[in-house]
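What follows is subunit A paired twice: with subunit B in the first complex and subunit C in the second.
So, the complex of A and B:
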């Protein structure tokens, strides 16, 4: 056995046992007498390491993992709902039953070919998107992974679910909240949920998301378990894989 | 406290254990585990594919656009599924008269041609050596100006007639615009690629005196005798024929038809036929006459038709009082089952039984055109097969062969030519088509290249549209030599095909899914039909409709050439030309004559006798006087394959595969993927060899061999196949491209380069069916 390996063994033994054996004491250059206060050193080190990393895991990690982006236009849902009616006014179903999702520029142009008010965001819309005829690169909070087949028609038209059940009361917001996405997976933070532990309530019980401008209601989580849980609750079965993963 | 070794160890170990516990009690591990699965499943493959952009299909509204496929002459109706502004899938158009919802593998892969990397991005001018692939991107104005400069210079020198034009078809408004351009410019040398359809047209002209294309009433036939036609390998309009094949193969006994395949190789069509008769390659005409012998001898023919509506069946005397031999006498004396058995290698009893079964069927139909029908073939052979149809009286009858009138584009003003145009247009054609030697033929594309390679200066400029003669013309090396003698080649191709690759200027046309165009009746269809191509997506590159490019060139040339094109643009021209049909076309996408029936026998024939002529008196009319009576009759005149039998003991025949496009459009990657490991392995092509032949040559499965013909040599792999006759080698057509891109170029061997051109004595078209070859172990 080489000298280094010997030392390692001793290190492990010392770390786990505060009171060293005679044999180890013999091997140490400066023996520690049993019963001195020095046994507290590893405990303090343990505590510091524990607290620091707990903070890293719960506080620093989410800050590193997620990046934020601003929506291209700070959209006022509340105002548009007042003017145009319910969600379906803009987020409508097409004739073939497919869901239109986020409106295209053409929908905006119907009213905003020229600025109708004096809001700077509207001026930005007209200047940067309407006039050059460029689609607005909206960032979609609730975009599910590519492997997921999700039909709005089945949920909204057939099961008669409210939009807010999954998306939160978006229609009541004055501003768009920042779009946060996972740097690794590039998915929206809304999918995993804003609680980094993922141990939040279900999507249909909104989460108060803290934002610079205050608190905004958003979906708590949109993971597979949430789909399955609701399916089980409403349909009696969790459903097969291929119901969503075609 | 002194930080000694022990304290240091205690601190670090304590801290580490604390850190580990802290991290374990935080969500880091669980969250990262979840993220890593997503990352490895979705992100990593995308990074490997070259980044995150453009890998995922857009989301958007799903729409469907109806158009017509032009990847082969089949003219199927298609429905393209779009998501947002991107085309995502091509499906067969339900209810379309040709294919009713069906689609072939090539048609379905059309999107790869649209979005693939082999598209020509915009007008290109050659920068390096010819064929080196060095291009300079120029503006449309510059490109057109360059073409105009060269063409105007040639015209100015009195060399307008040295400008030749090669098209893929002569039907529809765009080919006719090219014809108009050539006429106004002053060159008679308008060419197009020739196929078996041309030979059948010629046969119909000779035997029935009509200017018609052949149409087969396949769906109603119940005994199909195929002389090597690849009925499920892309012959005719592929989807339509495959659908008809499904009817024939139906489990319903009443609908079920008998299919007999005559072919030296067990093709898919042969494998699915009721009977397969391998005969010596090139003897199909002899077999047809042998069958005619039995039918005549046993009086199994349609007596009414033969007696009342044919000429030259019995011996007789013509209007000038000259005696002639009838078809009956020729067939009865020369084509006895025994004699035919010797020629074809098929036993007499099989010949007799086949003839009886064919003649006794309710709706017998003999079809002709080897493989996909891309090679013109022998006129006498076609006449012999057509004579079989006449014997059973199925001409213009249900389940028979119909003559479908060729419709020319109507309503265009006459071209007024200036003196230069008049002189140039009046010069003899380079290919000799329409001359005393070949009075019946319109185009002899192979001859153009022979002339160009023999006579420098004969072709000073070549315009190529919807054709890839550099690849598809047999004897590729001769074509390459010809290109060296053509100083200015302009390609209108959407793809970087071989011809475009060897051009000096590329003026890329819109892809077929990006443009308006008319698509007249597909090959082999019995009823007239006009389909409309419409833009499915906006042009993806800086391309221009060939019609518009040509009109811009014409306008820049000025004078009478400009005057010949009074239309503002191609779309305007199309609407004006299709006038009263336009509204229907725009709304439904096609105009059909569902109730069309061909004329009855009394009115059907425009021959001098007014009857179906076994003895073709039209030959005398056009000045093709034959030395012997037999020359006027369908007879067997062997087309000798090139090469000395002593040097080249084997015979090489090209084979056609449904999964391999062998025309001017390169095989898309989706189709190439479907080739089997016994067809293409890596970049090496397999040839099919009978185990007997292989044993004689010391070859075994998967071995490399050198395949040599009088035209070229290639390294191939050997695939032992008992379905090919001993002494015959089969080579698939459609590989060995040098143009396009890495997905196609360099894969396999171009069969066309190994084959040579054997001219048919009547049409002057390429009658080649094979070539002599040698196979040696490497």
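So, the complex of A and C:
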């Protein structure tokens, strides 16, 4: 047999094979496999898992992370603002420019040496703190870490900022809200922010949030980035570390 | 790249510095004590190992190395020099090496900061500092019982594992500014911001103020013909000046090593 004949036979054989497979395909066309739509199951499972984990992260985790405490006395800011006027009446500056912060018992005693009304919280104040002369252990929402220096005088006197810009409309509240703190760091939740997803606007934009119908009770956040962002925006420069740190 | 300087806003800028008169210094160490009390610097029961001791202000004793009766000594109080540097090639040594931006040169005050909460203790800055100004916290700070009540609330306490250094009592600047703001001023007077060591020195050897302000005492003192700075040849441009009428002390400032009797041996 010559080489060309061999080749010829080979090609014929191949052709037969090809024909045979064609016939097969013609005889039994591709059947629709049952349950192809099942591919959706892992996808659905993934999205359910995704949502569950988001909920755990955004709802369950903060509940576990933050503990709540009640203030010793349910203080009515609204009533006091109506009676005494502006914030500075009780939260005043000392002569050296430092900020007095939360008033001491002596400030309260000026009016509440004896009960002036009939509110049970006032009776509690007189009974538990004024009469024994014990300071009220207020929980400070806005307390910053020890390495932070903050000058109220710089912000209130020089920059003429409103108290509510950082602290929220505390003066309009009838009741004190619970003091929440981080179980790990022990810092107030007002520092770390109330929305763990970080969706809130920054603290100093609070007033704008309120104008647009927002319902945040208290400041959004008081972290270093919030201070730095406002400083950069208002002053046009990046501040050094040794402006707020000590 | 645009030069990004920190703190060049609407505030008045200062260049705080110090002039120390070595002729007046008796080496009593009152500045060191005042500094430790002011800045919450911790100490140990046994401070014999001086390499581990924590001082922000340290008084060194140097000698001219001559035998009696020609022996002379001089004391050199050494706070942080708050080097200004000149340019990128002669920048503040510690600032240029810090990998965590813990320390920066504040162009508003001329003070080199140290932010303890950022520091992770690599101690690269300690290696870079030619003045041995920086100290590392090998232990958590501890004070004898009851003494924690005397801590200064204006200065944060440093934890173990971070580097710290003299800040020119920066918290006093913050406090002075706070008071000025409450009075509606932006500028500080010379006497409103003084460091603890300056006020504690019984000999009045230390003068502190704005080196750029002709009304401040340091402005005149730094122009004294006998004024010098430590290791000026390194180009760190320090803001602590020394004044000494003694030749060998001035020579010693640049780590001059001549033949015996000309150079300096540590006392």
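In this section, the second predicted complex is superposed on the first by the 185 of 246 C-alpha atoms of A that agree within 3 Å, B and C clash if a C-alpha of one lies under 4 Å from a C-alpha of the other, contacts with A are read in each partner's own complex, and residues count from 1 in each chain.
Just so it is clear, a residue touches a chain if its C-beta (ideal position, glycine included) is under 8 Å from a C-beta of that chain, and two chains touch if they have at least 3 such contacts.
Computed from a predicted structure; not experimentally measured.
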Contacts of A:43 with subunit B and subunit C, given as first, second, both or neither: first
Which of subunit B and subunit C A:242 touches, first, second, both or neither: second
Partner touching more residues of subunit A, whether subunit B or subunit C: B
A:184 touches, of subunit B and subunit C: first, second, both or neither? first
First (subunit B), second (subunit C), both or neither touched by A:97: second
Touched partner set for A:146, first subunit B, second subunit C, both or neither: both
Touched partner set for A:158, first subunit B, second subunit C, both or neither: second
First, second, both or neither for A:57, with subunit B first and subunit C second: first
Contact residues common to both interfaces of subunit A (with subunit B and with subunit C): 96, 98, 145-147
Footprint of subunit C on subunit A - complex, ascending: 93, 96-98, 145-147, 149, 151, 153-154, 157-158, 235-243, 245-246
In the complex with subunit A, residue positions of subunit B that touch it: 1, 4-7, 9-23, 25-28, 30-32, 34-36, 38-39, 41-43, 52, 56, 59, 61-62
Residues of subunit A touching subunit B in the complex: 11-12, 14-15, 28-30, 32, 38, 41-58, 61, 65, 94, 96, 98, 100-101, 145-147, 182, 184-187, 192, 196-198
Contact set on subunit C toward subunit A in their complex: 4, 6-10, 101, 104, 106-109, 111, 113, 115-118, 154-157, 167, 170-171, 174-175, 177-184, 186
